[in-house]
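The following pair of complexes shares a single chain, chain A, combined with chain B in the former and chain C in the latter.
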Partner chain A sequence: MLADIPILSLITFSPLIGILVLLLLPKQNSRWLKVTAVTATLIPLALSLWLYADFDGTLGGKPYKESVTWVNAALNKETMPDIASYLFKFQYQMGIDGISLPLLLLTTIVAVMAALASVHVKKRWKAFYLWFLLLEIGMLGVFMARDVFLFFIFFELTLIPMFFLIGIWGFGGREKAANRFLIYNGIGSALMLLAFVMLVMTAGFRVDQVDQQTQHVYYSGSYEVIKDNLTDPDSFVNAAPESPLHMSDTMRWSIFILLLIAFGIKLPIFPFHTWMLRVHAEAHPAIVMIHSGVLLKMGAYGLLRFGVFLFPSQMRDWATVLAILGVINILYGAVLAFRQKEFKLVLAYSSISHMGIVLLGIASLNEIGLQGAMIQLVSHGLISALLFLIVGSLQERTGTTELGELGGLARSLPFMSGILLTAGMASLGLPGLSGFIGEFLSLLGLFDSMRVLTAVAVLGVILTAVYVLRSVLAITFGPMPERFGALRDARLVEAVPMIALLAFIILIGVYPSVLTEPMKHGFDALLQQLNVKVGG
Partner chain B sequence: MSVDNMAQQSFLPLTWSDAMYLAPEWILIAFMIVLVVLDLALPRRSGRKVIGWLTLAGLLTSLGFVIGQVLDMNAGTEWPIRLLGDSYRIDAFGSLLKILFLSATALIVLMSIGTVKREDIPDKGEFYYLLLPAVTGAMMMASSGDMITLYVGLELLSITTYVLVGIRKHSVKSAEGAFKYVVTGGISSALLLFGMSYLYGLTGATNLGAIKDALLVQGAAGDIQELLYVSFFLMLAGFGIKIGAAPFHFWAPDVYQGAPTPITAFLAIVSKAAALAVLFRITFNVVFPLSNATDMYLSQDIFLTILVLAAAAMIVGTTSALRQRNAKRLMALSGVANAGYLLVPIGVSFKGLHMQNVGEFMFYLAAYILMNVGAFAVISVVSKATGHEELKGFAGLYYRAPWTAAAMIVFVLSLAGLPVTGGFFGKLFILLGAAQSQAYWIVAIMVVSSVISYYFYFGIIRQMFMRGGGDEAEVDMPATTGVVVWLCAVLTVALGIVPGPVIGWVNEHFSIIRDLFIMSP
Partner chain C sequence: METVFTQYAWLIPLFPLAAFILLTSFGRSFKGLGVMVGSAASLASLVLALLVLFERMGEGVEDYQDGFKWLDLSTIQLNIGFEVTNLSALMLVIVTIVSLLVNVYSAGYMKSDERITVFYGYIALFTFSMLGLVLADNMLALYIFWELVGVCSFLLVGFWYQKPEARAAAKKAFIVTRIGDAGLLIAILLLFWYMPNHALDFVNIQNVFNEQTGTIAAGITTLIALLIFVGAVGKSGQFPLHVWLPDAMEGPTPISALIHAATMVAAGVYLVARTFDIFQASQAAMDVVAYVGAFTAIFAATIGVAQNDIKRILAFSTVSQLGYMMMALGLGSLTGGIFHLFTHAFFKALLFLGAGSVIHAVHTQNIHEMGGLGSRMRITAWTFGIGALALSGIPPLSGFWSKDAILNTALHENPVLFGVGVVAAFFTAFYMSRLFFLVFAGRPKGEKQAHDSSWTMTLPLIILAVLAVVTGFVETPWNNTLGTWLSGGTETTHTGGGLVMVISAAVGVLGIYLGWLMYVKGTIARDAVSSRMPWLLRLLERKYYIDELYQVVFVRGLRGLGLLLQAMDDFIIDGIVRCVGGAAVLLGRGGTRLQNGQVQTYGVITLLGLVILIVAIAGRRFW
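And now, the complex of A and B:
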């Protein structure tokens, strides 16, 4: 029954209801503004849970697809009088599969928690929540768009609200952080757009032969059209090199590398990571929850969806490169996280380290590793959202997140310290919590093909334990500064999202099938194709 | 047809029925004459608002006639109309541009009615009615098929804008801007004439179609190639100044700063677009046909030169705007970059399946008009409130005028080429076209320069939303300006959501052979 209603669009645009209500509310009424915003984020959560319950990942399962004609721009076909139509065809095309669904759920969950965490926002609530809900629309759209330009638009739709959210509601260096964010991500988007334009102009070309006389010629932005063209051995782009429509290897490699850099900036991959440190340190913690919890995942998703799925053979040739980049990320992030004196920067470097594991999972190019990467994405999203939720509450109370100034908080804030400790355990990969599953499967997958690199990567995992324990213990134990004696522990509005996030982390940790079940067949086609290529 | 015949034909007088086709131009001239007299007759103390409204009425009437012509074109009348031996053409290319010019000028007049004050501009009447011959000149340029009409149109446009730039008589900046504009404009005209004289010398014709025919006959000989290079490069430099493409843009910031804001908008839009339109015509009528001539690299080289000019404009425009603190100078440099974007559809030629250059050009031009008029309208009210034109005048605009700030976000996004705005799809279509012609390097330069431009465009947003209100000056938005701002904002977003019908309509109804190429009769 879900397939009959445009559920995907409903999920994506449901925060619009909140936006409309917010616009009608007076801007001084912070209480109602907050209630509206939180309620508005609950709608996509409820809808996506419904979708999850209804989702059937098997090959014969119901497809969730929506496709509406959007930009059908006629082109000049004067010199080709025989063809019936000649178009740019960009469609409003949404779809969901085993790879989108876990990330969609992650987005809706983190959005609710971040909306709850926004109780600490002190000014201009109305504008804050307007941008917040717009950001959510962008994020939801990214994971479901199935047309390259629609994807791009949703991707950019996350950029603009983030710029405002960082720049207005952040801490001291917020404007600089917002600028850096804008420029780095702008470069990423520009390269992505360049790659998409090249992709559409080569692999997006399609001729539909209706009958003898009628031919429809168009350039399509549809992901499926592009994918079919690239993978089908009989298509134009795979024709003999003499054909004008043949897509050269140079072209494929150029697009692949452009995409790798574009999504590498977002992920971030090692040399492109500086912007995200500032965002972690300067943005409001509720925004960092979104940023670290969801936005970084868009990089990995894009890499999978466009890099790996569209260019499997290029990916296979570069699997080692990707794995090495992953190992660098893990070690670099871990070592620098160990050296930080500011807890938010520890977490920022920890994110870099954890995203390295995702790269390893992708580089393994087998089912176990890819599933590991996906679980790692969701798991890290939840864990870092939880950690920054706590950071927000801590900073609200103590006014600082410097490790040197904090200490002994377990006495005055027992509940929050307990949650922090558990989140730290999840982050360092304690079995029974979600972090372990993601890391373990990713490494297990990679062990198949690259044993040495896996061994080096494991070293990084050990380092994780060191820096996480160092910083978490520095906050919770040790001597407590006098002024922290009278702090009040978490309020209900803070405790609820903490417990909820922790519950999800434990759920994935003890019962990973909640994630692996829907994505079971998500990689089938890719693996089959890789195997064919290996065999041939 | 031989050159002599063409020359004879061009002396055929206009018949009455021919003159009907010129109705849009006649109307503007008639309105101007009436308004000159009215301005004289009105008492000195009376506000000149009525002249503003009448100017607007003249523009809209003329616009109505042009639209009528375009609809007629679809009704099956024999097109194009070629007047005076092809020296003046009524075709889709010219008419679409006229629609854009007239709409842009109408918006500019409408936004001025509330903001132009006598203390600033002593001769308000003159300010309005001089726009009419200026836009007539631009329309002549869009319709010209002959170097003579082209030049007459250009000078009509230039001379009236020289006056308009200097119309703030008590302002030193305005006088300085006007002087600079006259001098560079004169240089531009000289270069153009010099380049054209070579073409005339080589072919004995001033008509673009006749020049093409003559060159195709002589081209194979090849001994005139060097002179042709000289001719085209001189003309490109001349047009480069007019459209403000780097490295010929140095006059733009000073002139834009000195001119009254609505006139700045007029220069940034109509002057620029008219020169681009003429360049478009010449390139595709004279240079493109030579691409099939053997042993002639001229055509490829000229197209490449145009693309290099485009790339230089984008890079120089965006990088030099980075440190700009004055709103109007910023818009001048943004205009340089935009001239670069608009040069791309001219420089990528027709290649393979790529023939929608006109559609790309017109769509981006429409988006450019909307975002520029909107941005200038906001700048004019903000600078009137604060008394200066620095960017910091925008500080805290969100607190003082939240809706105006919201509209400005739309214009900034569109200028930066971000969705969902007309500017995004305008750039996207140009990018797709360039990629279709395999000119990937220009695609790369375009996207990279767009990203650089984020920095300064978002600088305006930083001022509006992230800085406290340094100036507490109340922002007074006159109703007319408000209408312009919101019309532009809504249309910009509309172009960003449903761009297909607009560009599709242009591509479908525009025929290269009928509307762009000037064929021998």
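And now, the complex of A and C:
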């Protein structure tokens, strides 16, 4: 029955309800603003859980497809007099599959938790939550848009709210961090837009034959049209090089590399990572939950959706490059995380390290590794959200997250310290928690094709333990400074999201099938294609 | 034969798991809950484990395996399940007995600690993980529990988290064992991709490697075996990854008995035994195991001679005895290794709990500050003495029989290693007699009126002392029960006859006699060696400077690398970014300057443009 309603659009735009209510509330009434915002984030969560329950892995997302023609720009048809129409078609097209669904759930879950974590926000609550909900719309849309331009719009929709959220509600260096964020992501978006335009003007071409006489010719931004054209060996872009519509290898490689850089900045891939360090350190912890928990995942998602699915053979040729980048990310991030004196920067470099694992999973180009990369995305999203949730609560109490100034907090904050320790364990890949599954499957997948690189990556497993324990134990173990004696442990509003996130982390760790079942057939077509190409 | 209890063996780990969940959720509100819940869960596990063990003693009992699909991808699936074999049934009983006794003991030992329920929660979690490890039917499941016992060990070593030493020791324990785990992880990856049908379960591994069909190339077999062994080296404190185990003594003493003597540290030995077919398929791997084990045995025994902390002496003794077990396995004697694991679990747990009882009474761990405790703590002294004799290999106590089994094998297979084993046995006897006499003999020191503790602490000592006496009799020259039962009758120990027994008992007696001469009688001065060769004493006291070496090479190395990369990140990578950003700003400023509204500027620019155009066009003409 879910298929009968436009559930995807409902999920995406449901935060609008919250926005409308917020607009009506007076801006001094922080209590009601907070309640409204949290309630507003619960709606997409409920809807996406409903969708998850309804989702059938074998069908994929077919029942839920939504498509409305949005812009039909007429092109100059004089050159081709014998066709009925010659258009540029831009559609509002939404879809979901095994790859989108886990990330959609991640987004809705993290959004609720971040909204709860925003209780520590001290000023301009109304503006904060308005931007926050707008940001959520953008994130949800990114994972479900099935038209490249619609995707682009949603992608950009996340940038602007994020810019303000960092720049207004962050710490000391917030404005600089926000500028960095905008410039860097702006460059990424520009490259992405260029790639998309190139895609549409080559692989977006389509001819609909209505009958013998009537032909509709158009350029479409539809993901499916582009994907069919690129991956169908009989399509015109794959025709002989003499054909005018043939898509050259140079063109394919150019688009592929543009996409790789555009999404590589977001992921981030070394050496494009410096912008996100500032964001981690300067933005409000609730915002970093979103940033580290969801926004980084958009980079990986884009890389999968556009890089891997549209250009499988380019991907295969560059699998080693990607794996090497992944290993660099892992080791580089881990070594630098070990050095940091500020806990937030430890976590920032740790994110770089963990995103390296995602790259490994993608580079494996087999089902095990790709599933591993997906699980790693969700898992890292949950874990880093939890870690920054704790960071927020710690900062609120101690006024600092410098490792040198903290210590022995297990005494005055036993509950939060326990959660922090468990989150650290999840981060270093302890079995029974979600981090292990993603890490293990990614390594297992990559090991098939690249033994030595995988073995080097396993070194990261050791280094992760080193930096996680170093920083977490510096906070919770050891002698406690006097001034922390009177701290109060987590309040209910803090404990609830902590327990909820931890519950998800444990659930995935103990019973990973909750994630792998819906994803099960998400990679079938791709793998088939890779195999065909390998065989042929 | 129909089995009744074996198919419910999966319940054994679940009792402690339930206890852990219960204690973690409600422990804070109910202080007294820990002892009751923890002990009850261990007792339930012990009862079921014993039932399973008895069932397996019958004739012709098949191994029992069951499991479920854990992770189902469309191309492969990973399972989690349990398997009951004679070996795992034996291990179940060892773990549950020691766990129960430590639970009871801790009621007294940890009585005044305000976090006692947390402590019991951790012990329950450990017991669950250790039992899961033992029951695991495949490598992946084993690895999962392998990591979980590691984290429990970490939590318990760091239980007194406010002490900086405990924090450092916990960190070290986790990280050093993780180096081993990385090896084990790669071994699993290799197995997954080389085994037919990606099978990771022990039954298939056994079949594939046993048949010598060459399904898996010899080089890969050796590599897999060695990587598994790296995991075992980390967990079982073998050289060169032994450094964490002595430091782990920062944890509460009952933990040292349970985790760092009887069960978890033996997991490495168990792992090698469980995958013994892989090792047997590669002589090179077997040799590595044997030599590393033998080296560790003598290396740690010599360090034990020069330590002054009662728990550290026992810790090095554990390292050394684990080396014995590894050596036995490497020489091909599964029975010898497991037999020693079995007896060692009881007498070493006994020694640790006895040490705990002493520490509880005198509040110091330095053996030179103790003395004359024998008359005041009679139960502790007697039981500790029994444990020390068992460890020293004095007949007819359990340690004698298991050590004899190992030395027998060594004599057969490799006389050099036999010699190493005998010398190590001598050192063992010597450091134990030194320890015993310094603590329990002589004149009392300190003003405190030391005395035996309550029954919760002495009862476990008595039970373990009985076990330390009797467990050796399962495998004697006249009674080959254990060997036949474990290896299906293909392996016999004690074939060397009386000679090995005489030598082994003689070096034990000699070591003790020497200790008596030095520390009781005083015929030989205590500093007889150290006064002549002070460097030797220092070398042993400093544990051959291995920790210092690691500190310089690895810790400093990592710091240096971090410094280097940080500089690169700050100056080069971020520098380029700043340059690009700066260039954009400059470009913008340049543009702004151009549009400043001054007609003169515009005129100059126009003229300049015109000239360039003309030159360009003219140039093209004449090209």
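Just so it is clear, the second predicted complex is superposed on the first by the 532 of 536 C-alpha atoms of A that agree within 3 Å, B and C clash if a C-alpha of one lies under 4 Å from a C-alpha of the other, contacts with A are read in each partner's own complex, and residues count from 1 in each chain.
Just so it is clear, a residue touches a chain if its C-beta (ideal position, glycine included) is under 8 Å from a C-beta of that chain, and two chains touch if they have at least 3 such contacts.
Keep in mind the model is a prediction, meaning the values are calculated, not measured.
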| item | value |
| --- | --- |
| Chain B versus chain C as contact partner of A:183, first or second or both or neither | both |
| Contacts of A:271 with chain B and chain C, given as first, second, both or neither | second |
| Which of chain B and chain C A:71 touches, first, second, both or neither | first |
| Touching partner for A:431 - first (chain B), second (chain C), both, neither | second |
| Which superposed partner A:332 touches (first chain B, second chain C, both, neither) | second |
| Partner chain in contact with A:201 - chain B first, chain C second, else both or neither | first |
| Residues of chain A that lie at the interface with chain B and also at the interface with chain C | 183 |
| Chain B - residues contacting chain A, complex | 352-353, 355-356, 358-359, 398, 413, 418-420, 424-425, 428-429, 431-432, 435-436, 440, 443-444, 447-448, 450-451, 454-455, 458, 461-462, 465-466, 498-500, 503-505, 507-508, 510-513 |
| Chain C - residues contacting chain A, complex | 70-76, 143-145, 147-148, 151, 158, 161-162, 164, 166-167, 170-171, 174-175, 178-179, 181-182, 185-186, 189-190, 192-193, 558-559, 561-563, 565-566, 569, 573-574, 576-577, 581, 584 |
| Chain A residues within the chain C interface of the complex | 183-184, 271, 273-275, 332, 335-336, 338-339, 366-368, 371, 408, 410-411, 425, 430-432, 436-437, 440-441, 443-444, 447-448, 454-455, 458-459, 461-463, 465-466, 469-470, 473, 476-480, 511-513, 516-517, 520-521, 524 |
| Chain A to chain B touching residues, read off their complex | 70-80, 86-88, 127, 149, 152-153, 156-157, 159-160, 163-164, 167-168, 174-175, 178-179, 182-183, 186-187, 189-191, 193-194, 197-198, 200-201, 219, 244 |
